[in-house]
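Chain lettering (A, B, C, D, E, F and G) follows the sequence in which the chains are written, and residue indices restart at 1 in each chain.
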Amino acid sequence: MPEPKFEVQMLHDRVMIKVEKEAGERRSTGGIVIPATVEQSNRLVWGEVCGVGTHARTVKVGDRVLFHPEDRFEVEIQGENYLVMRERDLHAIANERPEHGTGLYL
Amino acid sequence: MPEPKFEVQMLHDRVMIKVEKEAGERRSTGGIVIPATVEQSNRLVWGEVCGVGTHARTVKVGDRVLFHPEDRFEVEIQGENYLVMRERDLHAIANERPEHGTGLYL
Amino acid sequence: MPEPKFEVQMLHDRVMIKVEKEAGERRSTGGIVIPATVEQSNRLVWGEVCGVGTHARTVKVGDRVLFHPEDRFEVEIQGENYLVMRERDLHAIANERPEHGTGLYL
Amino acid sequence: MPEPKFEVQMLHDRVMIKVEKEAGERRSTGGIVIPATVEQSNRLVWGEVCGVGTHARTVKVGDRVLFHPEDRFEVEIQGENYLVMRERDLHAIANERPEHGTGLYL
Amino acid sequence: MPEPKFEVQMLHDRVMIKVEKEAGERRSTGGIVIPATVEQSNRLVWGEVCGVGTHARTVKVGDRVLFHPEDRFEVEIQGENYLVMRERDLHAIANERPEHGTGLYL
Amino acid sequence: MPEPKFEVQMLHDRVMIKVEKEAGERRSTGGIVIPATVEQSNRLVWGEVCGVGTHARTVKVGDRVLFHPEDRFEVEIQGENYLVMRERDLHAIANERPEHGTGLYL
Amino acid sequence: MPEPKFEVQMLHDRVMIKVEKEAGERRSTGGIVIPATVEQSNRLVWGEVCGVGTHARTVKVGDRVLFHPEDRFEVEIQGENYLVMRERDLHAIANERPEHGTGLYL
């Protein structure tokens, strides 16, 4: 790996999300549930944000975000899989101190 | 459950709705009827709002809202099922003192 | 019926319409014809408005409105069936003193 | 007919048009040709306007209007059939003194 | 023909075009080529304008216009066939002194 | 050819393009490659502009333009074939002194 | 090659991208991974920008860009293959000093 000099920046309203390892339904370290069959028709899943474009208004790095798996793109960087979504397709966020929390916790 | 520290916040115009337990058609504690076959083509159903995004204009937490089941997304949080809708896809609300009530009660 | 405390309010440009009992084609008390087979391709039908959202501009409670049955949603409240439409999908109204009447009467 | 008290008013840009009796292709009293098979793919037909919504800009009651039969809705009022169209779907008008006439007469 | 009193006026951006007699591919009096099979997938044809709506910006009566036959509507007036198009669907005009001519002549 | 008096003018954002003779893949006089099978799914081709509408902003007569063959219309003028495109569907131009050249030459 | 005098300029928001040689999945000189089967449903790939239209806002020549292969057009210039994309369809860039980097490196 002699040339890791290109750093990634998200464009527009794109959001990059870490992918949980696929291993049947289980609870992740952040309390996030990933169903074994993520393509289940209307079922949303949670992921952790690791990059946002300059047009994203609310979502920040570190937030958990709720999204529909069918809207995702996928990319592999340094052997890790990531998802790419548009912020407008995200339905909810979860973090430690949201401004307009629902009182529901992951 | 040692890490329930992430609180959920709805994004944009998204509305989170509590799901009634499926058990055939019955009247819920709030007088809400859930048909046994909710996918019936044009039939709307009622649910109770438990979270709204900052772009939602009229709907508030605690309101009953009238929606078409086909427009819903689903998410499970702490073992409970919730629906996610866009406010613009909701057709009516019901609460104890609406500003422009129809004179019809649930 | 111990909890009829939730009053319904229509959202956006939604209009709630009373459903005529289905019993073959007959003339209703307001002179309204409901065909026995309402799904007939391009045929419009009349109904009576019993609720309008705050974005509705012309239609008022009590108006008869002309609509295409395919555009309707349905909801049951206290055992009665109602239709839900968008005002922009209504084609005409009829009332006792319209501002721009056609000279045609139901 | 004891209750003909509801007068019809067209909504938005809707236009109500009198239907010619179907009896094979023939020339109407206003010189209007109605083909026996009006559904013919791209063929336009003429009708007489008997009501216009407040958003209609050019078309007036009494005008003949040129339209595509596939764009029509139908309604029966007092036993007579009428068509309902949107003004923007009308292609031409014909009247006794048009402001921008083509020099072509029906 | 005792009642030719209704004069036609085009609406909106509609353009009325004279139809060439169908008789195999031949050159018209204005140098216009009409293919025998006008429905040929991407092939454009020329026609002569005989009426324009008030929203038309460039096209004038007498211009030859280049259009795709699939975009046309048809109407018969006094036994003659005419086409009806929208100006935005026209691709080019040809006349004796165009403001921005291509140097190509019909 | 006694009446070549109608000069062609392109409308709106339409661009007229000269067609290369079809004769298998070969390099044209301007260095332009035309594949033998131009309908190849995503493959773009080059052509020479010979007319532009008044809404075209960048493309000028004499430019080579890069386009997708599927977006084209066709017209025959004086026995020569031409293509008609919309400027917004063009992907690149090539000329002798472009303002924002890529350093790539045909 | 006696006439390489036409220089290419991208139009609108179009971006030209160099194509990696197809030879199974391997790491390119810039650390870019090109899967052997690029058409894999939601999988994004990286490419190097070699030309941008004047409407492109963020992407610059030399950037690596992340895109979905299905959105691409293709063009051959001087025997080399290039892709053409719209900037809005690009999901991320990577360069040596991005303004809003994610901390992830190619």
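What we mean here is this: a contact is a pair of C-beta atoms (placed from the backbone, for glycine too) under 8 Å apart; a residue touches a chain by one contact, two chains touch by 3 or more.
What you see is a predicted model; the values in this text were computed from it and never measured.
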**Item:** Chain centre separation in whole Å, for subunit E relative to subunit B (CA means)
**Value:** 55
**Distance from subunit B to subunit A - Cα centre to Cα centre, in angstrom** = 25
**Prompt:** What is the distance, in whole Å, between the centres of subunit A and subunit C, each centre taken as the mean of its C-alpha atoms?
**Reply:** 44
**Message:** How are the chains arranged in terms of who touches whom: line, ring, star, complete or other?
**Reply:** ring
**Prompt:** Reading around the ring from subunit B and passing subunit C first, what chain order results?
**Reply:** B, C, D, E, F, G, A
**Fill in**
Seen from subunit B, its contact residues with subunit A in the complex are 1, 3-12, 14, 16, 50-51, 53-54, 61, 72-78, 82, 84
**Message:** Give the list of subunit E residues in touch with subunit F in this complex.
**Reply:** 29-31, 33, 42-45, 58-59, 64, 66, 68, 87-88, 90-106
